[in-house]
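Down below is the structure, laid out as structure tokens.
The chains carry the letters A, B and C, assigned in the order they are written, with residues numbered from 1 in each.
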Amino acid sequence: MNRTQLTTTADLTREEVDFLIKEAESMREARHTDDLKGKVVATLFFEPSTRTRLSFESAAARLGASIIGVADASTTSTKKGETLADTIQVFDKLADIVVMRQPTSGAAEEVIKYTKKPFVNGGDGANQHPSQALLDTYTIHREAGAIDGKTIAFVGDLKYGRTVHSLLYLVSLYDIKVVFVSPEELKISEKYTNLLKERGVEYEETEDLSEAVKKSDIIYMTRIQAERFEDPREYDKLKGCYILDANLVKQGKESLKVLHPLPRVDEIATDVDELPQAAYFRQVENGLYMRMGLLKYLSSNYNE
Amino acid sequence: MNRTQLTTTADLTREEVDFLIKEAESMREARHTDDLKGKVVATLFFEPSTRTRLSFESAAARLGASIIGVADASTTSTKKGETLADTIQVFDKLADIVVMRQPTSGAAEEVIKYTKKPFVNGGDGANQHPSQALLDTYTIHREAGAIDGKTIAFVGDLKYGRTVHSLLYLVSLYDIKVVFVSPEELKISEKYTNLLKERGVEYEETEDLSEAVKKSDIIYMTRIQAERFEDPREYDKLKGCYILDANLVKQGKESLKVLHPLPRVDEIATDVDELPQAAYFRQVENGLYMRMGLLKYLSSNYNE
Amino acid sequence: MNRTQLTTTADLTREEVDFLIKEAESMREARHTDDLKGKVVATLFFEPSTRTRLSFESAAARLGASIIGVADASTTSTKKGETLADTIQVFDKLADIVVMRQPTSGAAEEVIKYTKKPFVNGGDGANQHPSQALLDTYTIHREAGAIDGKTIAFVGDLKYGRTVHSLLYLVSLYDIKVVFVSPEELKISEKYTNLLKERGVEYEETEDLSEAVKKSDIIYMTRIQAERFEDPREYDKLKGCYILDANLVKQGKESLKVLHPLPRVDEIATDVDELPQAAYFRQVENGLYMRMGLLKYLSSNYNE
């Protein structure tokens, strides 16, 4: 509980996650605070991600911090041949807290070798996106009333989906059941089923979305990402394979809630948006409060 | 007078415009206030427009707000296939006020179907640019001492010029005369001459700039925009058709004032810049105060 | 000492530089102040430079200012044919202080013909980068304990290296010796050796880095910039010509300090990073405090 840097969900404890959920709840109450007054937060998005960047920036602003940032890799010194090690050693001098997104898997672990400043991995390639996983966990907690005892279905691209992988580390800290729903080509890897086994979490795998909807408390939908496929025909074959619409949602429990990390393409039909089950836009707002709590937590543990 | 969203000048009343002019004047006095302290303003420019974006951002900053923003469409989720409806439902969770520019005509009306938050259309394609029209109206008021009783000439591209169209809705709320000066190919459409007729505003159409200068109190120059022409030869033929220089300006009334939404290319010669008639750079500063007044007005009417 | 605009180091006096070094030191103590509270700083980077932009933005934020900015020329009105004169006359209405980077040599001198507002040249093409030179001078002062009496070696691209040129104007205000180390093709121009002669500064020119290391108190390394060469074979021939590694550094005085404006490619081996001689990352932090001092100084001399 004296963490100053967050690169992965793999080493977060249940105690920390519960603490951060409470922090997020208290940020929701406060709306804005002075916790980071006089601090400068750097949002270094060397791979563009407008919603994640703006969520962190809004969170930082609501904590009273100032923001400096990079929205786009195309304007940076990496083009001039600079290493990631040098880049972080420059920018950590200019900021009190660094949030970095990088297209390279493992970049966050590399970066923290060179900086002691509070640091959040804002997504590093196909590897990790821990603040997304925290806000997803917080949303499950809020929407379902609790995490323990729930059945959570993960649907879509379970092979490449970074948000699913990051989230599995967190929900598996709780007493849950998991249903994996994917086509054969995009099924969850052994790395993650082994994680669930180690942590004693029951899971099943299926290709049948309808069946999963009926038995779940939470449906976590994901987009099948064109950019992950080398062969566009493979993508075309799979992209429409799971579509959740209002009819299907209504076959589930009344208390069912649907999450999605967004953006969606067509995997959730817009007729779901009106239903109380649609939690994905509330999830965005939850992200703001969770990131406020996270920035405050990491910063408060740092002594210059 | 309980407006929270501004997408078009078409439904603004004279009462509102007069109120906003007074607000702008009081912002000029104050220079900076705490009216939006603790608020987050999102400037979402999905089509680049540096001067409009920075004007809104400076206005927001001078009201004490924090700013999050997108300067460039190329880095956003619309590329991943997201709809405008989803985009606004994400970003309105992160901000207290949204300013959006969109290349698509009608985008602003579409957007407000999905958000209740204070919203300003920062320009939607060839359609509307209401904050520009408000600052233009404010500038006419300041430079001419009043709007009632004045003759206003609109010069250049009256067919495609969005700022002219937006402005006509506002000045026609006053007791004015209008002179339209354009080549045949770029003349004002019936939609707008009908508007003037309905509102009882006298107007005339001419191709003779010199004649218009002599009888007007305000000359509103516009740039002929290359990007509006499919055939570059058509653009080349028309681009230099009206050039206002110091000699021409001096043929007008001593109290004549020249406005331009900027950027200009060569339609106003630089020898006009030194003259007291040149109001176009003061117009930029007026825009700052008008946008401060506008953001305050929309925000103060919003109850969460 | 009543300066409001800084375009070049050529007209800075020793009194001013000493004053700014003291200001930087006091900013280091304070970390953040309210000197620019309620002010808006515009960072207009019409040529991208992430580290310079973020350094100015962090400095402005730590002085309590708000920031508006352009990170990239591709989204601006110069594309629509606007002149630099018009551009500055627009943006100086929106901001209280303007920092501008421009790819064109001499752009800063052109700009200040059209604005009275506090202005800093953030780099104009191959011409000047005065805030970098100030932070370099401040770093020499801090790392060597004083500037008078020191021997400073400049290494690498002395022909095109803008930072070297800007810095020579400042260090030649002190009682120093200079060693120029470069291949024949990249040697320092007469313009700068003449400057040293006029100011009575002793200098020598050599191609031997090892010899220079032994006799110097400060080594100022530079990157050989691919973008300065029309013929890529010329670049390939010269790029690796001087590499400073830990072995070489250890041949120098124990008190030797190594500076670099960054980014580096391979001209300083990473085994130098661990040595106390490596001052280049501390130099980045010094830049933050120097820019705080500079913005405060220029702003405090301005009366609206």
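In this text, contacts are C-beta pairs under 8 Å (C-beta built on N, C-alpha and C of every residue); 3 or more make two chains touch, one makes a residue touch a chain.
Every value quoted in this text rests on a predicted model; they were computed, and no experiment measured them.
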Quick one: compare the interface residues of chain A with those of chain C and tell me same or different, with half as the dividing line. different
The angle in degrees, nearest 5, through which chain A must rotate for its Cα atoms to match chain B is 120
Just curious, how far off is chain C from chain A if you go by their C-alpha centres, in Å? 40
Multi-partner residues of chain C (at least 2 other chains): 67, 71-72
Residues of chain B that touch chain C when the two form their complex: 31-32, 48, 50-51, 54-55, 57-58, 61-62, 67, 71-72, 223, 225, 262-266, 270, 281, 284-285, 288
Interface residues, chain A side, partner chain C - complex: 38, 40, 42, 66-72, 74-77, 80-82, 85-87, 89-91, 93-95
